[in-house]
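The structure appears below as structure tokens.
Chain nomenclature is as follows: A, B, C and D, assigned in order of appearance, with residue numbering initiated at 1 for each chain independently.
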Amino acid sequence: MRKLKWLAVIPVMIGLAACSSSPKASSESSSAAPAAAPQQQLKPVDPATVGEITGVVKFDGAVPHPRMIRMGQDPVCQKANHDKPVYFQDGEVNSNHTLPYVFVYVKKGAGQYDWTPPSEPVVLDQKGCMYEPHVMGVMVGQQFKVINSDPTTHNIHPMPADNRAWNESQPPGAPPITKTWARPEVMVPVKCNEHPWMRCYIGVTKSPLYAVTGDDGTFTIQGVPPGTYTLGFWTATFGTQEQQVTVPPKGTAKVTVTFKAS
Amino acid sequence: MALALAIIVALITIVSVVLFHVHHWWLPENIARNGAAFHNQFMLTMAVTGLFFVAAQLSLAYFLWRYKDRGDARKARYTHGNNTLEKIWTSVGAVLFIGMNLLGYRLWAQARFVGASPGALRIEVWAEQFQYWFRYASPDGSGHFCETNVHLMDDATGNPLGMNLSNPACQKNVVTDTLGVPVNRQVELLLRSKDVIHSFFVRELRLQQDIVPGMVIPIHFTATKVGTYEIVCTQLCGLGHYKMRAFMKVMTEPDFEKWLKQQAAEQ
Amino acid sequence: MGARGLFPNGPRDTCAMGTTTLTHPPAKTTDRSGGGDFSGGRGGAGAYAWLVPDQAYRTGMWMAIAAITMLFAAFTSAMVVHEGLTNDWVPTALPRILGVNTLVLLASSGTFERARRALRAGLREKSLAWLYLTLGLGIAFIAGQLYAWHDLVLRGVFLATNPSSSFFYVLTAAHGVHLLGGIIALTYLVARARRLTDIRKKQLAFDITALYWHFMDGLWIYLFILISVRV
Amino acid sequence: MAELEAAVHHHEAPKGFIRRYVFSTDHKVIGKQYYFLALFAVVIGMFLSWLMRMHLGYPNYKIPGLDLMSPTGAPGNVMTPEYYLSLMTMHGTIMIFFVLTTAPQSGFGNFFLPLQIGAEDMAFPRLNMLSFWVTFVALMVLLATFFIADGPPISGWTAYPPLSSIGSVAGPGEGLGQTLWVVSIALFCVGALLSAINFIATTLDLRTRGMNLMRMPLTCWAWLVTAIVGLLSFAVLFAAGVLLLLDRLGGTSFFTPAQLKVSGVVLQHAGGSPLLWQHLFWFFGHPEVYIAILPGMGITSHILSTFSRKPVFGYRAMVYALGAIGILGFMVWGHHMFVSGMSPYSAFYFSILTMAIGVPSAIKTFNWLGTMWGGKLRLTSAMLFAIGFVSMFVTGGLSGLFLAQPPLDAYLHGTYFVVAHFHMVMGVAAIFAMFAGTYFWFPKMFGRMMDETLGKIHFVGSFVGAYLIFMPMHYIGIAGNVRRQSEFIDNFMQPLLPIHRFITIAALATGAVQLIFLFNLFWSMFKGKKAELNPWEATSLEWTTPTPVPYDNFNGRLPVVHHGPYEYNVPGAAKDYIMQNSTEVVAAEAAG
């Protein structure tokens, strides 16, 4: 497709538009999305009936040997971590054979509700030349704020597939960068162009029904209206999974998933 | 006016020369085996250019003052030039400039025309935006640099060079963020880049070479003094260019071996 | 300082027309001697001819040719260097029609020359006929080049397919654009041929366009040989 | 009688304002348009250098209002590293293309070449108009990058691929900004090529009677050689620009190697060569240095002779030296690439030729000194700036002898020593020549005199200031201070920071001195003393025609030339100068 597009450019270059390739190039538009479904009436969430989903994400396999981050080329970063070793977070496994940094979110089933994003922003901090948090969620339209707590210049370079990419630097003393995300996307990787080891992931969702597992591998999603959902589990290095779950009114649904070593 | 200007020109000339001469801001210490030859060539060039500089500027100053129109009856000299003079300064210039260049030939030839000696320690240098990586074949000098795969490269999981970690040859390779080298032993660097053009510059080695993607560029040097020196990138490589640097640790041979083993253990 | 010093003796006063110096082409001095059409003023269309000697137009065209030569020298040396530097040079099989196109362009140079000679001989109608033929051949060449691209496209060879195809498209496109310039000049000549009554001006226009046209022809031969060998 | 004839041959300017001053085909209007375009550009370029210098000297200082210029480039008035690089790229591009290439050649050249050779206009007036407007559009396209989301490109004026060829993945500004940059440069090439064709045809074919080549003022020679150099080099840059644009937009791989991983993305390119761009770019880039400086050499020679009241010393040698520099200029591009990964053997070849180019440069210097030697110097502002040019050219040229030697360049390359070198030799020197030309020709261009006292203050401030800015850069360069860095963060650089502060203060002060010039320029345009016909008692033809210069330059009557361009103080002559069109016959002239 890409090549066809450029084929179409060649005749333009010499000012002739009548090259034989134009009918082929036009086929590109045929894959356009079908017309949007008629607007559904969105229901408000009844706070009296909501329940929650809790669970744990386990890991089956040998605990991998943690890999140390080499920050030797920015002494500011070494100093910020008091010269203690820092380890890569992707692929990290908790000592109790559970996984941290798993993004758990309602993938299907919550579309009929009216979710308005909270007014307080989600904050991404840059501290000790690491992103804090490593995995995070944000709602479509919610304020997303980036701050820099390090005495060195950072660069924030999200590389989304569906949202608008941006690439801005944040020197120490610069004001926070505030953005919003227009479309749901799981996950948006974020790079720092100044410190190649830095990376975090942002899950952009339509609902606030998401959570990230902690250092015991557990998670809790609160405020879930009763119903049946498909949960999505995302990890940086062990792949993704899905699971059906039914939440009773005012009740708790328990989930356990297990990832295998790749 | 003319006198004041002449004095200004002369003052600028003298102060400039003095500041060159006092060496307050000067070449950093030399730790390269061929550093003395570099220094000689540098000083020779400094002498020749300094001579021209002082002569030209002081003549300007002198002419300003001496030939100023003072409103008297003196007439300007009517001449269209002098062919003998033209020939003299053309040939003097040619001999001096090109001769000086030829004197520097050996220095360049030693550094670049001749490859590293067989016993040299080979280290791969990988540059990326905005970091250097150094790869050693193995802690004990055996083995080879294993194949890298661009699709496996991932800085955020600790595999910046894209080595296949299940490959035994790769497991032996040691990747560090500091260039450790033994003192008084020739080192050959193989320069490679993952993305854009970078550069490898160690001031104390008087050595600078661009690192070009798609090419493997060998350079070699012998460091003669133990210490830690800075490696900087001098080729504009993007927004983090200003902080793209690494350190070179020159160590005694036993220290170097110990250091490399420790690095291997930390992999 | 008086006005005399400011406006020293001009050509008329010295009565030394054409003898004091050889740096002037005769056309210019002739114009200056007072016989030319001075009434047009420089603001009006087509009124420059009287003050600019013919030679300047020729020089201008030669300089344009020099610049285009450098442009193509850059492209082609880039190609040769590129081929030498990379180890993944995949040659592109050339479309057969290129040979035909070459002959067409060569023929057009010939017909242009006939048109020019006819004009010299004063045969205006004949000259115009040859000119039409030249224009037709030029357009045929462009069409042939487009067909060559079409041929490559059908084979799945595009601009970005590999370095050799990139260079093929760039070289042919750059040559095509320049030849289109020649076609525009030719069209202008054809359109103005009957109205240009000043035979000297007409010859000048013919000469300069022919110079460009032959250069384009020669350039194509060079490119054709080069891409036959390299691409 | 003479007046009557003039009336017969006289040609009037077009009446409408637009045809007369905007889309004019008159070389004098176009010359002024180029001059003011360059003036506009140089003000912007200097402003950018102020911002950079402030950041370098005082990295923590928040420049008030900077976030208005670029909210993402300077959030909270803190300059980001990429914005520094954007400013640097734009400073270099604007200064080199739109100031140094534009003012001395297209500005003064357009105005004075036809006047000095006794022509009524350039050979192709409409082409001339087109050149200017293409250049104008090129500048607008370049400046547009300040107003797009990502900001101007960050790859420097040399735009080395792959940084410049892979799009926004390489960093901010490398998306649309870099594309606009390439388009702007390509347009500039077109303008420069058209202009060069015009200059050459005019010089070769429109000279008036008696004006044979060896009677042309050295300014005309310089413009001619520059035009030829420009003709041959801009075509190559244009080609390189087209290929770069195709790499960026067309997915080709002329300059972009295969298997690149940038910002975590594996790029789809087939295996181009970054060095290819460097060869093409510097094949243009080195001659470009001479495009910037040769007209300045011509202006300097002209003015030194005029105000020394003495013929140019070694006129022929000067012409040959100009030619030699023009030819050798095309053979030395590799000296920008000693450490680029190019073969070390060719580095050696390039270095020898580079040293050879020092020879004609030295010839010119000696001849300038020879011109002043034994003269009767009138120290006008123009003369002072011409002398300043010689001083700067010598200083900047000599540091080139270090950089021309590969083993020394392997240390100095990429340090402030290089910055000092090229700013001295092609920046300050060329700008001094522009100042000299402005003070010298202002009476002809605007009919009034510039204020000489302000001019002299301007000279002293600029001369001393330029040395205070650029001499210390040699020292920190030798000490190993790397260029193109937005901050000096490491311990190595810290001791050099006080010098950077010193340079910053000197730069701000020297910049402030330029305000005197701007004031003098615009004030004199309206309030200056009315100029006499030949205020400097110069010999060349532009001083034979009244000011404002008639639309057809010589009122329909072209002058006839009987003398060389620099006949000052000829023994036995009536005055201390003989104008080129004078019919006075002096025996000593032939002998001299």
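Definition applied: contacts are C-beta pairs under 8 Å (C-beta built on N, C-alpha and C of every residue); 3 or more make two chains touch, one makes a residue touch a chain.
Everything quoted here is computed from the prediction, not taken from an experiment.
*Asks:* Report the chain ID whose CA centroid sits closest to the centroid of the full protein CA set.
*Replies:* D
*Asks:* Please identify which chain has its centre, taken as the mean of its CA atoms, farthest from the centre of chain B.
*Replies:* Between chain B and the rest, the longest centre separation is with C.
*Asks:* Which integer distance in Å separates the CA centroid of chain C from that of chain D?
*Replies:* 31
*Asks:* With chain centres taken as the means of their Cα atoms, state the distance from chain B to chain D in Å.
*Replies:* Roughly 29 Å, centre to centre.
*Asks:* Measuring centre to centre with CA averages, how many angstrom lie between chain A and chain D?
*Replies:* 52
*Asks:* Per the centroid of Cα atoms for each chain, what is the distance between chain A and chain C, given in Å?
*Replies:* Averaging C-alpha atoms per chain gives centres 60 Å apart.
*Asks:* Give me the residues of chain C that touch two or more other chains.
*Replies:* Residues 159-160 of chain C touch two or more partner chains.
*Asks:* Could you pull out the residues of chain A that touch at least 2 other chains?
*Replies:* Each of 2-3, 6, 9, 153, 169, 191, 193-194 in chain A touches at least two other chains.
*Asks:* Scan chain D for residues touching two or more other chains and write them down.
*Replies:* Within chain D, the residues that touch at least two other chains are 80-82, 171-172, 250-251, 258, 263-264, 271-273, 275, 489.
*Asks:* Give the list of chain A residues in touch with chain B in this complex.
*Replies:* Those residues of chain A that touch chain B are 67-74, 88, 90-91, 152-153, 155, 169, 191, 193-194, 196-199, 236-237.
*Asks:* Where on chain A is chain D touching in the complex?
*Replies:* Chain A residues touching chain D: 2-3, 6, 9, 76, 153, 157, 159, 165, 167-175, 177, 189, 191, 193-194.
*Asks:* Help me check something: in the complex, which residues belonging to chain D touch chain A?
*Replies:* 60, 62, 72, 75-76, 78-83, 150, 168, 171-172, 249-251, 263-265, 489
*Asks:* So in the complex, which bits of chain C are touching chain D?
*Replies:* Of all residues in chain C, those touching chain D are 1, 3, 5-12, 14, 20-21, 23-25, 29, 32, 38, 41-43, 48, 51-53, 55-57, 59-60, 63-64, 66-75, 78, 81-82, 85-88, 159-160, 162-163, 166, 170, 174.
*Asks:* Okay, in this complex, where on chain D does chain B touch?
*Replies:* Spelled out, the residues of chain D in touch with chain B are 80-82, 84-85, 154-156, 160, 162-163, 166, 170-172, 257-264, 266, 271-275, 308-317, 339-341, 344-345, 347-348, 351-352, 355-356, 358-359, 362-363, 365-367, 369-370, 372-379, 384, 387, 390-391, 394-395, 398-399, 401-402, 404-408, 410-411, 413-415, 456, 460, 463-464, 467, 471, 474-476, 478-480, 482-490, 492, 496, 499, 568-571, 576, 588, 592.
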